[in-house]
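You will see two complexes here that share chain A, one where it goes with chain B and one where it goes with chain C.
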Partner chain A sequence: MKDGPEMSLNNVIVRKGSFALHAEGRIGPGVHLITGVIGAGKTTLGELIAGIIRQERGNLVWTGNNRVMLMQDAGFHISTTTVFKEAESWKVDPDKVISSAGLFEKRNSDLLQLSRGELRRLVLTAILARNDDLVVLDEPFAGLDDKAGKWVSRQISMRTEKITVIISHSITMLPDVDRIWEMRDGKLYDLGIMPIPLTKWVRAPMLIRYLNKAGHPPSGLSRTLLEEAACRTRESD
Partner chain B sequence: MQDPRIRLISIISLSFASLLSLPCALFTLLWWVIFGRVKTSVRSFKSLVILLLLPLIMGFAAWFTGHDGVSYFIRMTAVLIIASWMYAERYQGEFLDLGVWFFGDRIGFDLGLIGELSISTLEGLVYEIERINIALSQKGEKLNPMIIPAVFSSLLMRQFVLSHDRACLLATRGYMGGGTHYPVFHTSVSEWIAGIFAIFILVVSFFSRDLFIIFCQTYNV
Partner chain C sequence: MIQIGNIRAGILDIGILSISPGTCVIVGPNGSGKTTLLKVIAGIITSSFGSVMVDGKPPSLCRIGWVGEYPDRNILFNRVYDEIAGPLRFSREPFDSIGSSVVKIANDLMIEPLLDRDVRTLSAGQKILVAYAAALIHKPDIIILDETDSHLDEEFCFEMDDVLNNSGIRYRISSTHRYERMAVADEIVELENGRIKGQYPVSQFPRSSECLSDLQFWRRVMTSTRNG
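And then the complex of A and B:
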């Protein structure tokens, strides 16, 4: 495991009403993907990792500093009225963030005039610009077009020294993922370091299952690697 | 208590009884201890403190101006606790069940639908405010007067969008007013007993009336 911030989850249990989450594992620097069906407890786990909620039992050790989580609805993050003020409120260079988010022409616009995708882009860019030790991104690609999705993936890929946890159903926009975790019925399973998990991923997305079945498993989850695997399938046809 | 009809009749009876008579307010609290689920009636200790804060302040003010503040505090505590219990016992679709059972498929259905939509909106708002607080804490901010306009205008806009979506959904499903709904209730013997006791407390309160409600005049305002 690379040097840097690290989180250890030892027999951690979180309860939310009748739902109980069990987690065990070590999360080190790199990009982690948490998958699982809706209601499996992915967001609850993200909240635990980001320090939003606390465990009821077990031990969670965090060796880094700041942690932040992008919520599924980026609208919750709004605390100002304009694009510029919102970028500023994250205590980062607002012009740089606004330009990176592709919203320079709208820098003085009211936030309510932004589309959902634009707002998500703005908040996501501001969060990544803070360069916190741990960033949890809950469905970061939802509402983003292809171009914006690629840009976000590039930004995440650059966070090699820090921890990035992606909770996502979409696998066509992902950056190079280092490790895959799966939530099943409230329990966290470590599927391992890439590319090993792709062949033993029981509930893998259809594309991965198809590539595995065709005998051309991808060597990673980034778009380029998925395209390469798909091309090999075509060649063998 | 699963049967919302008995719960509704009980809460109306007990609330009136508590306002009409101090001994009946105490009986109401006793009723709640026996028949209500005490542990789950209030969401948390913090909620209980918030719940009792207003009657405590008003009761203290009444006592300070020479009135029976203790009596006021006990009565209002009984009313609020019983209301909180009723809310905690509520299940999804209850208003629709009650509306249709009491007033039929036309007006009853509409009233029930309004109740359901209102309560789900309130619950949604509570959830959203919790999320906003979390999001703000990540920026190192707290909900304060400076950011309230921005936060709440965003909240309001989301509610408008939600209302519009709901209206479209109802229209798509052909809603014109009224509808068909068959409520099913499960009533246990203990629920019947609880309901009969609640009505009994109300009847007793008519004979031991010592109504005390705070008006502006109470404080010589």
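And then the complex of A and C:
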């Protein structure tokens, strides 16, 4: 495992109503993907890792500094009224964030005038600009168009020394992922370090199943590697 | 046919658009007017000029079902039963028929055991099923899914496709950014800066140089993995 901030979860249990989450494992620097069907507890795990909620039992050790989470609904992050003020509220260079988010022309717009996708881009850009030790991104690609999705992916790739935890159903926009985890019935499973999990991922998305079946298993989960494998199946038609 | 003529609303500026019965997907970059177009079709936004007609009627005289990106955000009542019965109660249907309609739709979506539960105690997936049930119970002429797929796994989406395709709803209109979701449509409307960039049957959607953005590729993936 690389040097850097690390989180270890030892027999951790979190309860939310009748739902219980069990987690065990070590999360080091790099990009982690958390998969699982809807309702499996992915968001609850994200909230635990980001320090938003606490465990009921067990031990969580965190050796790094700041942690932050992009919530599924970026609207929950809003604390001001305009694009500029919102970027400023994250204590980052507002102009830089606004232009990276492609919102320069709307810098003085009321936040309510942005589309959902534009708001998500703004909050995501501000979060990534902070460069915190640990960032949890809950469905970062939801509601983003191709161009924005690829941009987000590039930004995440630059966080090599830090921990990025991505919760996502959509796998075609990802950066290079180092490790895959799966939430299943409230329990966290470590599927291992890439690219091994791709061939033994039981509940893999249909794209992965298709590429494996077609004899072109991808060597990683990044958009580039998936695209390469996908095109090979086209050539062999 | 849904016929839209000379509509201007927000960023949206549409000369003429006709949508045939079936599954139609609206695509386009962030801020291109997808949600605005869906709201125009649903009659939530009206334009002072131009017209929207659904089989010859304005949207306000049609039954519309709407499920958004965060379906649980629009939940009004505490008890699952009351939430699903809402649309029929608001339209003053007879009490007895409401009861049997609720049970029927809950059965179709396999959430009958949840009818007495408090909505807040449900899992995320169960809440979405409740939102679908409330949208489907009054047998809408149009069902609109505004990026509802963006937080759902593909298996869940396929199951809901089957429910909608067997529901007898004449117009099933959704917006999405996912190519595998576009590939299951009959027709695609592409927006750019509030204008119609193109309208295609799914087989004629422009091919992309990137395989992962190519609908023909996704149709192959689906045929191959869904039939064993």
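Observations, loosely collected:
What we mean here is this: the second predicted complex is superposed on the first by the 234 of 237 C-alpha atoms of A that agree within 3 Å, B and C clash if a C-alpha of one lies under 4 Å from a C-alpha of the other, contacts with A are read in each partner's own complex, and residues count from 1 in each chain.
As a convention for this text, contacts are C-beta pairs under 8 Å (C-beta built on N, C-alpha and C of every residue); 3 or more make two chains touch, one makes a residue touch a chain.
Keep in mind it's a predicted model, so treat the numbers as computed, not measured.
Considered on the superposed chain A, chain B and chain C are sterically incompatible, since they clash.
Applying the stated contact rule after C-alpha superposition, one finds that A:Met69 touches chain B and leaves chain C untouched.
After overlaying the two complexes on the shared chain, residue contacts for A:Ser79 are found with chain B alone; chain C is out of touch.
Contacts of A:Asp93 after superposition on the shared chain: neither chain B nor chain C is touched. Once the two complexes are laid over each other on the shared chain, residue contacts for A:Glu24 go to neither chain B nor chain C. When both complexes are overlaid on chain A, the residue A:Ile52 reaches chain B alone and has no touch with chain C. In the overlay built on the shared chain, the residue A:Asp190 is in contact with neither chain B nor chain C. Touch counts on chain A: comparing chain C and chain B, the chain ahead is C. Within the superposed arrangement, the part of chain C that overlaps chain B, taken from 6-14, 24-32, 42-50 or 96-104, is 96-104. Put simply, chain A uses residues 73 to touch chain B in one complex and chain C in the other. Listing the residues of chain B that touch chain A in their complex gives 128, 131-132, 134-136, 138-141, 147, 149-151, 153-154, 157-158. By the touch criterion given at the top, residues 50, 52, 68-69, 71, 73, 75-81, 89-91, 111-112 of chain A touch chain B in their complex. Of all the residues in chain C, the ones that touch chain A in their complex are 28-31, 35, 69-70, 73, 121, 123-126, 128, 147, 150-156, 177-180, 210-213, 217, 220-222, 224-226.
Of all residues in chain A, only 17-19, 37-39, 43, 72-73, 114-118, 121, 139, 142-149, 169-170, 172, 205-207, 209-210, 213-214, 223, 226-227, 230-231, 233-234 touch chain C in the complex they form.
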